[in-house]
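As structure tokens, here come the structures.
Across the two complexes that follow, chain A remains constant while its partner is chain B and subsequently chain C.
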Partner chain A sequence: MELHVRLSKFIRLSVAAMLAAMLSFVATANARIVVDINRGHADPLPIAITNLAGKESDIVSGGSVSEYGKRIAQVVKADLTRSGLFRMVDTAAFIKSGNGQVSLLNPAFNNWKAIGAQALMNGSISVEEDGRLKVEFRLWDILGAHQMTGLRYFTSPKNWRRIAHLIADAIYKRLTGESGYFDTRIVYISESGPATHKIKRLAIMDQDGYNHVFLTNGKNLVLTPRFSPTAQEITYLSYFNDNPRVYLYNIDSGKQEILGDFPGMTFAPRFSPDGNKVIMSQAYKGNSDIYVMELSTRKITRLTKNTAIDTSPSYSPDSRYITFNSDRGGSQQIYVMEANGKNIKRISFGKGRYGTPVWSPRGDLIAFTRQYKGKFYIGVMRPDGSGERLLSESYLDEGPTWSPNGRVIMFFRQQPYDRKGHGGETQLWTVDLTGYNERQIITPLEASDPAWSPLIR
Partner chain B sequence: MRDALIISVIFHIVVIMSSVVGLPMLNRDRPTGITVIPVEMVKISDVTKLKAQQKKTDLKKKKPSSRKKKPERKVEMPPPPPKLVSDMPLPDMKSKPALKKKSAKKQAVRTAANRAPRITPKSKPRRFNAGKLAALLDKREQSEPDIAEKLKDRDFGNEKVISTVDIRQQSLAIADAVNKHIYDNNCWNVPAGAKGAEGLQVTIHIRLSPDGKLIGAPKVTDSRRMDMPGQEFFRTAAESAQRAVLKCAPYDFLPKDQYDLWRDMEIVFDPEYMLKG
Partner chain C sequence: MLEKIIGVKYWVLIGTALLLSACANTGAVKNTPTEPVAAQPKQEPVVAEPAEPVVAEPMMEDTGTQASLDAAASDSLVHFAYDRYDLSADARAKLKEQADWLQAHSDVRVTVEGHCDERGTREYNLALGDRRANSVKNYLVALGVDPARIRTISYGKERPLVTGTGEAVWAQNRRGYTRVN
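Moving on, here comes the complex of A and B:
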């Protein structure tokens, strides 16, 4: 009985306490003004990048340490500017301290704020006894007056560009929340010669166009290079004695092997996300279907069995689905099916033809080429077909490939021919998901069919 | 054992009931007890259209006044053309609206006006139309380029009685001014392009000194989420909101006599409208 009384007392007290707490919460919430902000701007973030401070007197191969500090800062600036998400604060506006240097550990936040910077990167560079460069940088939040990140790297001087890309990636990741894509490479088809006798060579370069190397000599026609998502390997199609073959090429070792001779025509081989399979389309007796090959066993499985033309397959990042284009509905449209070839669903329903679907590495979008009323567009849509947005438009835009963070798409653009047959040059371009930041990638010759590597490890 | 079971059941019911009744209230950031809203909102907005409408009704009143008195009383009930918020006739006020001066000759009308406040406020909410209210607010925003200036100049007067309705209206005006200030000064850079960016709503709590300066750093209410692994996008969104608040400081345009209202504010940054619209 006594227990009963105690319990009921306890309950009453608890309920009273709870109600009191709730009332005080409500009172507090009601007393405070709530401002709803749903309008903003999508401007690039103003960031100040200073040259990495180094001694002029320290000399390594290729120049002074101070000179390397300037070069690294220039590459970081170029990377971040090209992303479209950052605006560089003019170095002429920098307010330096009495000794003419920018303070590394205690930036004068008010000075940086005064010139409109919202973030600041500064750092230093020096040479180690073994001849390696020691590079360190810090990223500061100017308005919040605190350090956001800081990293240190050791490398041989010849790798200075890579260090710059790594710094740009670190800044990008800290300020946008997602991985960067600057320490990556592009493999593409370099083209030269007249339109009727084009020499096509496989070439590779950094994502900013530097460190360009030709991988094949142009004797044999090469097509559709694709990067492995997990390793520095590419597959591509090459014609040897007029027979198409799918090759596997290891960039680091330079080793090349034939994946197999396939009956009929083989198109667009592409890796699965785990890098263990290659999915492709094959045309046999006039019918194109989707096939997948296990790289370890070379076992091939047919996924679609249809009289229509099924091509350009691409896996979802979780390997559960495959997107491809097919004309089974009358016109070329994009479809999604399960990885075993079942439950095929059409996802594009707009006017015109849809092709070359490529699943984003982050899984939320599928990039595609759309052809409508004599123009080509690069666009994106959700995997269920909703939210279609066209990002680029021209006489001929084709071959989308995603940056590893799923935020930028590279493609190739061909200029129209004039009446005399001139023109028709192809070049590489990038566009980000906003559709506003469209930029050309400079290549030594004409370029087509790009493929973006994963981040270099 | 049975007692314990009963107690347990009662306790659970109490907890569930108090959760159901109490917890939703936590999400309501605005006063819920206000029932008398509509007419007073007309006053603060200073919308010329409304003035015109009121004048028209005045003209109409004079004609039928000789026939029936009851409708006159009702027509005269709406408060005089926009002045100050605190001018509005409260139910127990006996002061006469300015309109009476025009019809001073007619004693009957004056009597009617005197009687008018007897009408209980309960009848007013029936006229309230949320859509109209929103429309009025929008119009005001378009027609008045600088709400902050308006607020500065406006004298709400210490002597006047400030009702919950006034507080509500003043709060709305302050929220509007802060919203406009942040937009006009390009302070909020929306983190576009991130995966699921449209769902990254961030609430920032700020404290202000009487001269509009920030006291301490702006606090993200869900700050623990910022440091969680896999929440990098939220951290980015939260930092962009914090930057917006810092960049736009000081908030010295807010009316000093209403400091109690804006010393503590919550600013909700919601990119959904921008990124989806």
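Moving on, here comes the complex of A and C:
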């Protein structure tokens, strides 16, 4: 099973992942350990991640394979720790108590059990004749004393971080029963300079903030980037020539093109789940309505026709519905309509204003920004408006985006200014669907408008 | 006396030339390191030619400027209430000043910018800024200004006039600004 992954002009690799061939116990389906993803904050699973064993003497570009084995383990640990569902068991404690001889295929289950580990990842790393790294890992159930999964990857040394994320995804999936989200990227707006003249640039990075690249130079104001479902394209708003319009950016080629020939400002773009359409708003003569453009034919269809502000549209994952915000009822609220613009229904009825609805990739929830009594909240509700839960709160939280497995929400948070007008820093944050595990994503400069990619394939 | 007048005329010409070259240069990249210049070969002697007559005309002060509109019409600004785009009596009075100025400067085109405070979501504020810019434009048109002279643009909450927290700050940022093109 060979997967050829075309990522971008920055990253190209072919990952060959061989599953199960080297494993005999995979078919033992019912693992004894399961991470309950819905209450992950309460009992993070103790897991031991050992450095991948490799020779000090095998040198590839960037260091010895032994060094790469340590780096990969560090990134796996960081990914799993950030999820809030796992607690890292200190592997040094085990090595000291053991006899120094580590058997990869026959772990000393009792010793691991003694220091509290319920799961163990071990593995090896070596270099192929063509210079690629060969990375193998196995995940073990300590209490059940058997192997849960194992995979082998080949890639060039410079792509080692992706291998680490793929391993973390495989562990996450095996232990939670749901897809991971570590082998993903974030496109966002990097901000610098004073608030009155912010310089804003399109930027892209791995989900953990590494492999950061600026995509635009800051000359034009850019806002609200969103990924296509292949993560190869981005649609966003640019003030190129002082004319705010929706653009398409191809990550592979770096090519940018305007979408459509609208007389008024186009904004709030987002791809349809199949990637064939971009839905957006046009503001014309003081009225904003929602339009959809077929990318292959550039045919434009108007979906709403109302004197109110209709914007921030987002498709349901089955493409049958669109959620958006509108002030047609007197204040900004969330609505759901059929994809053809029919049967518009309001779904938000709490106090305050509701905006930026984004449909979960699982389809079961809509994330939103709520404003109430001087605070901003990120929350979720079901598509019929029931079951509202608020996940975060601050002076200004805005713009949720979903991890591809629908378990984590990223948003941006702006701090208030002090009396002298200083402050107002803006950064990216994540919060679990449980409302726990709030964490800041570190970026080189200030950051806003994050969009999470699908899993890279 | 005559020499003095001719001298003045030349200074006007030189000044105009400098101004033109300054304008032409504004798009150039600054801080470009100076390239070394090779020494010129020995110059040919310059042959003096008879001076051509120069005609100078008096120039009026250019009043179609942003500074002029700012002075005539309350800094070219009007303000809005939170999440509103209707014009208060105060805003209408200021737009009357703008309209009068625009009638007096019929060759000037303007861009009306619509701005919002930061207490709203980004995309909603882009739409709200568009409403505000169009409120201003529509009122100026109602007062007799040719709509073809007025462009609108929304900056949403992207370009606050002042930074800070609290209603006094946010009220200043909820604005329409008429920019001379």
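What we mean here is this: the second predicted complex is superposed on the first by the 407 of 457 C-alpha atoms of A that agree within 3 Å, B and C clash if a C-alpha of one lies under 4 Å from a C-alpha of the other, contacts with A are read in each partner's own complex, and residues count from 1 in each chain.
The rule is short, and it goes like this: a residue touches a chain if its C-beta (ideal position, glycine included) is under 8 Å from a C-beta of that chain, and two chains touch if they have at least 3 such contacts.
Owing to the predicted nature of the structure, the values given are computational and were not obtained by experimental measurement.
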Touching partner for A:Gln118 - first (chain B), second (chain C), both, neither: first
Touched partner set for A:Asp43, first chain B, second chain C, both or neither: first
Touched partner set for A:Gly406, first chain B, second chain C, both or neither: first
Contacts of A:Pro244 with chain B and chain C, given as first, second, both or neither: second
Which of chain B and chain C A:Arg87 touches, first, second, both or neither: neither
Which of chain B and chain C A:Arg439 touches, first, second, both or neither: neither
First, second, both or neither for A:Gly421, with chain B first and chain C second: second
Which of chain B and chain C A:Gly355 touches, first, second, both or neither: second
Shared chain A surface residues [contacts with chain B and with chain C]: none
Residues of chain A defined as touching chain B within the complex: 3-4, 7-8, 11, 14-15, 18-19, 22, 25-26, 29-43, 45, 85, 118, 141, 143-144, 173, 175-178, 362, 364, 406-407, 432-434
Contact footprint of chain A on chain C as seen in their complex: 83, 85, 111, 118-124, 126-128, 130-131, 133-135, 138, 153-154, 158-165, 169
Chain A-facing residues of chain B, complex: 3-4, 7, 10-11, 14-15, 18, 22-23, 25-26, 28-32, 171, 174-175, 178-179, 182-183, 186, 188-196, 217, 232-237, 239, 242-244, 246-247, 261-262, 264-274
Parts of chain A lying in touch with chain C, wherever the complex brings them together: 194-198, 200, 221, 223-224, 237, 242-244, 264-265, 267-268, 281, 283, 285-288, 309, 311-312, 325, 327, 331-332, 353, 355-356, 369, 371, 395-396, 398-399, 414, 416-419, 421-422, 424, 449
